[in-house]
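Next come two complexes built around chain A: one with chain B, the other with chain C.
After this line comes the complex of A and B, so read on.
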């Protein structure tokens, strides 16, 4: 269906279900219960899940298929963000032109950086992309924000001011990012028992775009073009001596993934019309690498899972402070309670990076294929228990195609 | 005029004259072997032929066109295919996909943005690839991971991938190096079958005399970067200069 095999179509259905039902899935605890702080079903965070999902899906087209590890993708995210805010400033708060321009400018940007960076491969390519991204960061942070020519508004971040032209802005339209009048912050709340579910317009816009982008990435993975990209990763020498020019293939993959990143950046601005230079910093580039590897590089659904996991940790783990910990361990005798809190405290709150680091190490060492490999192993464990004779057949099948 | 004409090629690496005045003419639809002791310049010559090295002087013409200064993929698109000493295949791809890629390259050229069509809908390409695999007796393995095959099978697949593009010249660099005897004989049979059934020129660089004498119609002996003799296998066998180059003067 839709030009997909049954297996891929099922995968798409899973992603559609996850995205559309996220307000329920991410809100498993009643709002009055002590566990409510682990709920992630509020608009702000759900938007981040899908936006960074798009970012990682695009990154995976480059890294997962061709094996070229870019350390500069945050530059495209930033370019997309700035483009979108500029459209708000010039044209008005409708998000559509902003999102379109962010894809376009990041595509051009990726083409220019790609032409230079792809002259080298391996570690040299990574360093080149990193250098370009840091240059972009420096440009955005200081160089392009002088009084004569203020493109990025430097440290403050680019935002919409009252004296901006906004030529298509009408009095009836909301004074916030909107899609033909539908405010991105419009949220329907649904009370069922102790639960409160939130349905946010901005989230659903992002979710639908993410689903389309996920579908597109399946098509690219399964196309002859995708096959060529995998061939480049597998053996560049044979590629050349088969009469294929690898450079335009890798460049096309680079531009496509840059446009995905730009789209994600545009959506970030569309949800919150403020673009800062820190979005371009190398930590942001590193984050998308982590997301992709954590979820499973080269797999279809891996990047979506990886970005969800990291964003969840970033926002939920970081909120656990010592008071919360003391509450958890209050059933223990005083001395023991303090000991437990002292032991765990470095790993939560501001120290959530420590947990992420440990988790990353464990996954890379024990599950090199990321969360997707973990899922496959669990699935294999169950099928083996049910029917041990068909298990071998299953493993043979699951190793051949990159899912 | 042969299909491949090498004229007055010289190549120096610092103080070492790797190739000195090499002249070589490979006749169309023949099997031409280049042999020589270690360090004779065989690999350097091959690298010149496929555009990896540019000689200091001289010319290399394929079918009337110079190959010098062209990129490997351009040389391949001209009709020269290369088989490597260690089989170079797409190890992360299935056997069938390995076979599909050269057929795509033959149909679409060096680059084509082909991102939306599903590769499993490319019926003619798949048919051709499966046909090729059948002729190699590898049809049963088409969904296997190519990296896990034996060296002999990898070699077979690599040769098949080259042939699927209908090249006019097939260059082989020690195709049986490091192979078990049975695999070596299989490879010899395969190459014989290829040269009998197709309009194809085969140039082969080889150490193993068994392989050379069972395949070649012409043999060039290279020593210290210069061709010593060029003749038929029967005449080469007893040639005093060849014995000298391989075994030393006193022999």
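After this line comes the complex of A and C, so read on.
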């Protein structure tokens, strides 16, 4: 269906279900219970899940298929964000022009950086992209934000002011990013028993775009073009010897993944109309690499899972403070309670990086294929199929061209 | 070859359940609309403390958090009551806010606008926080203030010193207790004139971002008004750790004062470099060479160690202040945590109390009521002496401290000595001052949200 094999179509269905039912899936605990701390079903985090999902899907098209490890993808995210906010400032709060422009500018930006960076491969490519991203960060942070020529508004972050032109802004339209009048912040709350579920307009816009992007990425993976990219990954030299010029293909992959990143950046701004320079910092570029590897590079759904996991840690674990811990263990005798809190405290709250780091190490060491490999192993455990069978099955699947 | 558990029956079942679930809300929806975002339900009210727990300002953030926890304790009538005893407004009774027990949630801003907004959003959307307090950078403060304005909750800024927070970027739902760059300049100028004369030549090194610029602009304006000459202003990248290459030109420029518009780690490094070049023992134009650091903090002083001796700067608050409120606060804080509070701790403590008090006086948690109660509010007893929350820009006006690195510190905590307490009249400016966005900057309307 939709030009997909049955298996891919099922995968797409799973993603659609996950995305549309996220408000239920992510809120498994009643809001009054102590476990509500672990609920992730509030609009901001759900938006982040799908937006960074898009970012990682795009990154995976480059890294997963061609093997070119870009350490500068955050630059495109940042460019997308700035473009979108500029559209808000100039045209008005409708999100469509902003999102379109962010895809466009990041595409152009990726093309320019790609032409230069793709002259080298391997570690040199990574360093070049990193250098470009850091240059963009420095430009955005200070050079392009001086009082005479203020493109990015520096540390404060680009935002919309009351005296901006906003030429298409009408009095009836909401004073917040909206899609033809539907505010991105509009949230429908549904209470069933102790549970509260939040349905946010912005989230569903992002989720639909994510589904479309996911579909697009499946098509790219299964197309002859995707095949070519895989060939580049497995042996670029041999490709060259056969007389094929690989660079247009890698450049196309680079631009496509840059546009995905720009789209993600545009959506970030559309959900929250402020673009800060730190979105371009190398840590942000590193984050998407982690997401992709954590989930499983080269797999379709891996990056989405990886980005979800990292954002979950960042937003949920960082909010567990010592008071919360004391509440959890209050049933224990005093001494034991303090001991438990002391033991766990370094791993939550401000120590969330530590937990994430440990987890990343464990996954890379024991599940080199990321979360997807973990899932496959569990599946194998239950279906009791011979491991070698499925492995062959997988490779057979992934190397069959679509047509 | 592919196996799937997805059957038609399964699909039908799932969609029936999902559909049923979606239809339920029509009669189950809670009608708990109190006319503003996150109206407290039940017998508790939740405050959001959004501070940097990782990154360059993590020390300041952890100090802020300690102070905020102390404030919550005092509001709930635990501990010794702290500044509730000295606060001139007696609306707070130690039984929470409006009879509701105060609880709080914390988050990590990472000193990044994005992360700070995400963390504040989760507090508002998930935990039902009615007020956000904290932060240790102007970029973050402006970002979170904008968010709170849109979401319809109150923002009580923590440590933020750029003019923009209550200038160009001011918002009706945002309030700043901390002082700003303009006030630093205005407070420092007379002391500088006194100590160094009126014919100095100043050289500025400025952190290259918004806060640095407003700081530089303010100091240049107030020192030039004294008759000083500005030789040069050089922007340094925020990420620099070695400032030697910026110090060398200072020696050859004919300047006799170096102004470091740096903060945190930047300032510690640039000051150390300047000391390595022995600037303080130089004689230029027949005068002793001097260094000025307009914005001081205890944590920076501790980081710079010996180097800070004799260097002048300004502060919002210092624990050595001898008024009733300050003594009471230092006592409570010291007894609980075993150290005196810092600048940033005090401002957050005061902000939490001020917010709680405003709710009590307004008789509601509605942000618009709180804004009304805070605007033009005059108070004393929170440590800074007599203070006014100005209605036009939501900036606190109070005395500003000029401090100097102590020559002979007796403990790890008295590294700074107070040179002068600049009276509030001297640092007051018009709300439409050009450094604060002029006439164009407006607060806008207070937003109560949903």
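FYI, the second predicted complex is superposed on the first by the 384 of 403 C-alpha atoms of A that agree within 3 Å, B and C clash if a C-alpha of one lies under 4 Å from a C-alpha of the other, contacts with A are read in each partner's own complex, and residues count from 1 in each chain.
To be clear about the criterion, a contact is a pair of C-beta atoms (placed from the backbone, for glycine too) under 8 Å apart; a residue touches a chain by one contact, two chains touch by 3 or more.
For clarity, every value in this text was computed on a predicted model and none was experimentally measured.
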Contacts of A:234 with chain B and chain C, given as first, second, both or neither: first
First (chain B), second (chain C), both or neither touched by A:252: first
Which superposed partner A:223 touches (first chain B, second chain C, both, neither): first
Partner chain(s) touched by A:5 [first = chain B, second = chain C, both, neither]: both
Partner with the higher number of touched chain A residues, chain C or chain B: C
Partner chain in contact with A:157 - chain B first, chain C second, else both or neither: second
Touched partner set for A:243, first chain B, second chain C, both or neither: first
Residues on chain A lying within both footprints (that of chain B and that of chain C): 5
Interfacial residue positions of chain B with respect to chain A in the complex: 50, 71-73, 76-77, 81-82, 84, 88-94, 97, 100-102, 104-106, 109-122, 143-145, 158, 161, 165
Of chain A, residues touching chain B in the complex: 3-5, 219-220, 222-228, 230-231, 233-235, 237-246, 248-249, 252, 256, 399-401
Touching residues on chain C, where the partner in the complex is chain A: 1-4, 6, 18, 21, 24-25, 28-30, 53-54, 58, 69, 104-108, 112-115, 117-119, 121-122, 125-126, 137-139, 142-143, 146-147, 150-151, 162, 164, 169, 208-211, 213, 235, 237-238, 440, 442, 444
In the complex, chain A residues that touch chain C: 5-7, 10, 13, 21, 24, 39, 42-45, 48, 138, 141-142, 145, 147, 153-157, 159, 162-163, 176, 185, 187-192, 198, 272, 274, 276, 278-279, 314-315, 318-319, 321, 323, 349-350, 352-353, 383, 393, 397
